[in-house]
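Here the chain labels run A, B, C, D and E in written order, and each chain numbers its own residues starting at 1.
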Amino acid sequence: MESLGNIILYFVAALSIMVFSVLTVTTKKILRSATYLMFVLLATAVIYFQMNYEFLGAVQIAVYAGGIVVLFVFAIMLTHKPGKDAEPLTMHKKWLGLAASLLGVAVCGYALFSYAKFCGAKITAVSTMDMSELGHTLLSTEKLGYLLPFEAISVLLLACIIGGVVIARKR
Amino acid sequence: MDYSQFLLMPQEMGLLLVFLLVFLYDTFLPQKMQKALPVFTATVFAIYTALSFIPVAAGEAFGGMFVQDPSTWVMKGILNIGTLLVLLQAIEWTNSDFVSVRRGEFYELILLTLFGMFLMISGRHFLLFVIGLETASLPLAALAAFEKNHYESHEAAAKYVFTAVFSSAVLLLGISFVYGLTGTLYFGDIAYYLVGEKSALLIAAVAFVIAGVGFKLSLVPFHLWTADVYRGAPTAVTSYLSVISKGAAAFAFLVILVQVFGAVYTSVWEWMLYVVIAITITVGNLFAIRQRNLKRFLAFSSISQAGYIMLGIIGANTMGMTAMMFYVLVYIFSNLAAFGVIAAIERKTGKVTTDDYNGLFKTNPWLSFTMMLAMFSLGGIPPFAGFFSKFFIFVGAAHQGSVAIYVLVFIALINTIISLYYYLLVVKAMFIRQDECAIPAFKSAWSERVGMALCVLGIMFIGLLSCIYTGLSQISEGVQTLFATLS
Amino acid sequence: MPLSYTILVIAIPLLMFLFLGLAGVKMGKKLTGVLGVCAMGVTTVIAYAVALTYFFGTGDGQIVDGVRQQLVLNDWTWLKFSENLVVKLGVLLDPISAMMLIVITTVSFMVHLYSLGYMSDHHGKPEKGFQRYYAFLALFTFSMLGLVVSTNIFQMFIFFEMVGVSSYLLIGFYYTSPAAVHASKKAFIVTRLADLFFLIGIMVLSFYTSTFDFKALMANPTNALASAQGATFMGCSVMAWALTCIFIGGAGKSAMYPLHIWLPDAMEGPTPVSALIHAATMVVAGVYLIARMFPLYVLEQGAMDIICVVGAFTAFYAAAIACVQSDIKRALAFSTISQIAFMMTSLAVSTADGALIEIHEGYGLGYMASMFHLFTHAMFKALLFLCAGAIIHAVHSNENSDMHGLHKFMPITSIAFLIGCLAIAGIPPFAGFWSKDEILVACYAKGMGWGLWMSMVAGLTAFYMFRIYFLIFFWKKHEIHTEHAPADQPWTMTLPLIILAAISIVAGFVPAGELVTWDGAHLHTQLNWSVAGASVLIALVGIGLAFKLYYKENELPEKMKNALPNLWEAAYRRFYMDELYQFITHKVIFQNISKPIAWFDRHIIDGTMNLLGDVTNSASYAIRRLQSGSIQGYVFVYLVGALLIAAVTMICVMI
Amino acid sequence: MYLVPSLVMFGCGVFGFITRKNMIAILISLELMLNSVDINFVVFNRFLYPEQTEGMFFTLFAIAIAAAETAVAIALIINVYRVVKNVDINQLTKLKF
Amino acid sequence: MIFSNILIYFVIVPLLTLGGLALCSNKGVKAVRAVAVTGASVLVMLAIYLVAYFLQARAAGDTSEMLLQSKVTWYAPLNIELALGIDGVSVVMILLSAFIVFAGVFASWKMDPLPKQFFLWFFLLSTGVFGFFISIDLFTMFMFYEVALIPMYLLIGVWGSGDKNYSAMKLTLMLMGGSALLMLGIIGIYFHSSPEGQPLTMNILEIAQNNAIPHEWQYYLFPLTFVGFGILGAMFPFHTWSPDGHASAPTAVSMLHAGVLMKLGGYGCFRIAIYLMPFAATEIGWIFLTLTGISIVYGAFSACVQTDLKYINAYSSVSHCGMVLFAILMFNQTAMTGAVLQMLSHGLMTALFFALIGMIYGRTHTRDIREMGGLMQIMPYLGVGYVIAGLASLGLPGLSGFAAEMTIFFGSFEHTDTFRRVLTIVATTSIVITAVYILRVVGKLLFGAVQNEHHKELTDAVWFERLSTVTLILGVAAIGCFPNFFAEIIRYSFDPVVEALKAVGM
């Protein structure tokens, strides 16, 4: 795991996450913003893969990069008006945003990095979870089993579907 | 795979069953029968509510992820009652012209959000809790946008959904910190790992969790969406948002704070909550003073009421828990009575400001009477239920015993005077002010009247009948394990 | 007649008051008047019977060892303050109260009778409040009788208040006249102020002696004084303070300087009322109070000295003012003040050197003289006032400039008035001579200076009385202003004049020394011829002077007035005492205390309360921007709020 | 160290949320925030508690939740677009004070 | 069974009256009056019976602190009971309330508009008042206390006059502010009501018995409760609701408020603040003693320059009620007895005043004394009534004020320390100032020439007005003539509290 390749890969992924994140929120063109988001999400998936959470990585790509970003693009297309994509930021808002995000980063960063456990924590034993095990856990009713959340999220999705229908209906 | 564990959650299952019935009715029955859908829903839900008070076996399911105990049972019952009242009051509205096409969805969404709240109440695992929370909030955005012919409705929905998602991001961040600290998401286990913990990460985690749940409860400074959404959303949805959603969040909050973070009560969150409560009550009241739109007004009033509800939590004792549940119950009746009147009048005349209510007593004495009782109850005037709930909540808080709590109670009491002021403004408009063009006399629909009558009964008798409080007290005494890790 | 009937003397007027007050409106005038007079007549008869029985009877332990005892006849608990301090209402008979019963009932009866005529019309119009008038008269009579028979100092206080109120009601009888209303208000408030001191005095006294009861107090005055041994306040013993305060209470009722200002104004009331209340009875309540507590006062020389000085000064002061008044009732009022001051002084010149046993010569004499003078003065001053009433009734004016030369028109009145004047001037054998002589003797006993001073005042008395007399009845020919020529009044008014005149002639021969003494024992007095002679001489000089100046119209008075215009003006304006009071009440109390307090209340206290409301409102207004309507703003507040909570807690917990 | 990207991502999300005018851009910022939380979970799971998988599962569900949220939000945005004919967040300030 | 206790009927009867009124139709004013009169009469009869019962029980040698005790557990988890009981003080207070309610009904005979609603609120208020006096449980006392307060808002707001919105709001908020302090105080007392380990209680007698409130807590709780009740008792500087409130309130409401409601303040101060926290009372009572001393003189001086009849009375009430609290803080039997006598006296007398003012106002439509004059000629009945009320107020023997004030002064003077004595002397000066303002108003209002020609056409009182005032005048005279009857009922009720005070070194 701790091979140089892995490290380089990680750095590439981490760097692209950071760079594209910044680009996502600073670019003036909305469509580009969505594209950068996709890069961020893909880079995230890379990190997941790198940590041996293949399933998670796959879901990330499928749902996020594949689903959500496409949704975004559709939405942009639907609402986009040519020539109106330039959105100059007011200075006032910029400072507010910067202040809030810096404060957030500072507080969270301090909280995370002051926590002793994290310093020097290494990836130790790498035990991959195979698909069947994962599936069983997902449908288990024991402790550390996720049947109930699984069912619950189906209700959530159902609710969101109905909600979407309500919203989307013309009348 | 022990699916019998689902039997431990009869209330949730029942609710889903009601949902299914409504769904099937809505989907498959012919158009001409659709008009009866609201009544059908209300009836079925009433039956379900009555059944939901059948005591259920306490126990854990899904490895401790889901807990059914007397307190969750009664809390769900309380929410059922509230929802029933909301449904009753909504009947007439959902049959109105612009809404009737979508009335089926209205009921379905209400039921599903209620299900989400049940998960919040009973969930003892952060994942389940978050799912519950989302189920309880996302469809509400759709509900807020229900009145398509009103611009405000859209704006309200947008505001709601953006802040909701943002707050859920913050909540998730907090939970991720908790996970980082303890490596588990089961409430009981977290508490175990947190004993003696005192790190910046924990503090950040607690703050973010408070922020995330505080959003639902609309605590200051996480409250700013409240007024706009209440104002913009259809009144039925507003009333649902203001009481049911709040009640569920309050209970879940109690569980999280006491059970998960109980070990760090004095060291971390007591003072956080202290400040939050103080400013919540005060700011809510200060905003409420100037409101002329009754829905906005009730939004701010509900913010300060949330502060009072939190007083039951900050004491972190069974007395406070009893008081909190009692408060929620009373609050449901009081607030729904107010919203019932507002909804009825809004439906008939479209008027929602205090000035429109001038001279209402002359033309519509019963509505004014109901409204007055609601205001008095919210303001904590005996012999109405609100007085008792306020008193008990103060007692519950003061039971904690520190001087700081007494100061907090004092602040809250001073605020009751401010709140009384604006509640009396409404009473003044109805009873004292005269207006040539007062709202003309009209007859409200039977369903509204039943709803309001139930509320009035509740306001009048919940306080006087001590058995309710006593029962709640026994129940919270019975779940003392919740407070086991309290430091 | 059994002494226990005394209670009737008090009860009948009370019942009359209630009856006339409640049912009077429904009754005719005649009936009311006759009923009132009859009731008063019965009361008078009973009072005489009781008093005579007391003075001359011997039964029931009235006299023990040659000393006439104080008898407590009824004692009903009215209110219990604490185990010791119990307020009782009862009847105490002793020489002075028995004497006062006679005085009060006599004068009251006369006035009742007189009023039948006097009050039947008011400046020619039928009097509307006739029933009310009789009810109030009965109330006053009741209060005054209750006062004199008080068994304890608190009962005395109660009835002090009661007579104050009756006086208030009667002065303000013509309530449509602003002057009368003002006068009644003034009378009440001034006496109330005095009563405040009375109350404080009672509080102090009763605190140390643990009793209100006169009998208990007077039985052993040394003990009573000793109970406050060592307790001092501002260098004087508390008992001296207490007794002084009580004296101030009495001084208020008895119109001693500087609390006399209400009495002249009180003449706004109907004249019979002035005769009854403001000449004969109520105004002597203060003297009576001191006399009642005489054993205590005598042992507290400091208090006694104050009384003495106040009395002597007031006597002169009032007499001086009386010399220049043109309103006959006012002049008589100042004369009353002066005469009461005589009584006060007479009481106060009594001294006891430390122990009660060593009786000074003037000790018992002053007391006796004072009471005797009280008695005679009541009679002749009532006479004078009733005469004045008759005159006023005839000419519808109080000013002597409207009178002059009435002798021809009202001979009976004139003669009665002359008798009154002679009596007050102290010409033998009229009543005033005897009593005033005793007073002067007592004064000379205290010291030559006191005696001379009081003799001079006596001379002044003769002068001003005859000045009035001459100005009314002679001076010049009467000019008829009204439709009818003035004439003697109907019998109801004339009869009392005659009776009182008769009493004024003979009252001096009452053996006061044997009947009215401080300890109930006989006091053998004899006329001190040197003092008597001197005083008669002075009186004659005064009368002569008055005759010279005022018998016939001449320029002399005007010249005198012009010679000392300031003095005359000052005396006419009563040495500006009213202006001083006016200044204190209106400028100081109303303008500088009440108004600022009211302002403070409205603007500061109430303003603070309103400010709280305003601050809340403006705070509400100030923070409304928070609710900007922008989602991003909301989220910003949300996030910063959460982060701040976290950060602050971190700082607090970590440090 | 693995948390730095997530931290930056979260910060960017906040920044974007507060500064952008376009509602869709705001939603994109939100996605960043949600995603950063996911990374947190995964990193914690892998580095601190590798023996179990709760973080991973939480992320799994969180992705689903995020998807649902996005769907509802986008539906609403489009709905708003229908009414006010643009997606400028500053339009949504009619309800205030 | 609690229903066998006569006391509970003091709450039930007004409630039944409420029910009866609710059943009346909105149109028929006759039925409303009939129900109201019936209710009020029953209350008076009950009260008289209660006095008789009390005297008989005491005469029979029943020396327990509270008579007619009975209790029903209400909120078991908090140990809240519906505990009833009366001592002499409550008995006379109930009597007073009953009489004033009775007189108030007649004073509002012609209430317009909405007579039914008026009486509904009116009787709700009386329910609170009676409930307060019969309770010996902190919670129920507090509850009834607030029940009595809130109808005030509507009674003033709807049926008042002048700047009624402002006054009603101010009155309600200030009194509710007081009750907020009170609630905190009660909660504090509750949590220290028993020694460690024993169940907490709300029962006043038990709390007093336990005497477990730590001294350092008493320092906080005493001011809270005292000021809480003191606001209702119009204690300086929290009296400002009183002038405005009274000025705007309709007649019967002013009567009830000044006559009864303000008494709740004094009663509560004694029953809760001092009785339960004797230590703090002795330690920091002097602060409040000073304030009440100021109240007495301040109120009187303020009244001197007012021109509105009701303001005069309101300030006069500040002065008189200050006397009540002043006497209560003197901590001895005599003064405290005087305080209760003063409550009775002030209750009746002020009610009488307000009744008369209401009747005069109803005729002249002004309360400004500068615009009136010579009313005695026009309406002699009301004039005489006013003079009697005035004389009672300035302390004429034979009317109620005198006996009460004297008892207070003599009781207060029993203290030997200079501070209290000086205050007592200061307080006594009020009798002069009172005379000044009373006579001023009587002189301007009733005497002198008629100021306004229109007033000459006015009529005198009619039968129900007469009945109302006569009831009160009789009460005033009864207390004035036979004060000992009342004092004897009251006096021994103070034994427990005086003993408690002695125990802490008073």
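Here, contacts are C-beta pairs under 8 Å (C-beta built on N, C-alpha and C of every residue); 3 or more make two chains touch, one makes a residue touch a chain.
None of these values were measured; they are calculated from a predicted model.
**Student:** Both chain D and chain E are touched by which chains?
**Tutor:** Correct list: B, C.
**Student:** Mind listing the chains that sit against chain B and also against chain E?
**Tutor:** Correct list: C.
**Student:** Greatest Cα-centroid separation from chain D: which chain?
**Tutor:** Here the answer is chain C, farthest from chain D.
**Student:** Among the chain pairs here, which one is joined by the most contacts?
**Tutor:** A-D
**Student:** Measuring between Cα centroids, what's the chain most distant from chain B?
**Tutor:** C
**Student:** What is the identifier of the chain with the smallest separation between its Cα mean and the overall Cα mean?
**Tutor:** Per-chain C-alpha centroids compared to the overall one single out E.
**Student:** Using CA atom averages as chain centres, what separation in Å is found between chain A and chain B?
**Tutor:** Distance between chain centres: 32 Å.
**Student:** Counting only Cα atoms for the centres, state how far chain B is from chain D in Å.
**Tutor:** Chain centroid spacing, chain B to chain D, equals 26 Å.
**Student:** In angstrom, rounded to a whole number, how far apart do the mean CA points of chain A and chain E lie?
**Tutor:** Once rounded, the distance between the two centres reads 70 Å.
**Student:** Using mean CA coordinates as chain centres, what's the gap between chain A and chain C in Å?
**Tutor:** 102
**Student:** Scan chain E for residues touching two or more other chains and write them down.
**Tutor:** Within chain E, residues 173 contact more than one other chain.
**Student:** Quick one: which residues in chain C touch 2 or more of the other chains?
**Tutor:** As it turns out, chain C has residues touching two or more other chains at 624, 627, 629, 631-632, 635-636, 639-640, 643, 646, 650.
**Student:** At least two other chains touched by the same residue of chain A: list those residues.
**Tutor:** 93, 96-97, 100, 104, 107-108, 110-112, 117-118, 144, 146, 149, 153, 156, 160, 163-164, 167
**Student:** Each pair of chains that touch: what are they?
**Tutor:** Taking the chains two at a time, the touching pairs are A-B, A-C, A-D, B-C, B-D, B-E, C-D, C-E.
**Student:** Can you list the chain E residues touching chain C in their complex?
**Tutor:** 170, 173-174, 236-237, 239-241, 244, 298, 301-302, 304-306, 333-334, 374, 376-377, 391, 394-398, 402-403, 406-407, 409-411, 413-414, 424-425, 428-429, 431-432, 435-436, 439-440, 443, 446-449, 483-484, 487-488, 491
**Student:** For the complex, give me every residue of chain D touching chain A.
**Tutor:** Going by the criterion above, the answer is residues 2-5, 7-22, 24-25, 27-29, 31-32, 35, 38-39, 42-43, 46-48, 50-54, 56-57, 59-61, 63-68, 70-72, 74-79, 81, 86-87.
**Student:** Touching residues of chain D toward chain C in the complex: what are they?
**Tutor:** Against chain C, chain D makes touches at 14, 17-19, 26, 89-90, 92-97.
**Student:** Could you list, by residue number, the parts of chain A that touch chain C in their complex?
**Tutor:** Touch list, chain A to chain C: 93, 96-97, 100, 103-104, 107, 110-111.
**Student:** Over in the complex, which chain E residues touch chain B? Could you list them?
**Tutor:** Residues of chain E touching chain B: 74-78, 80, 139, 142-144, 146-147, 150, 153-154, 157-158, 164-165, 168-169, 172-173, 176-177, 180-181, 183-184, 187-188, 190-191, 220.
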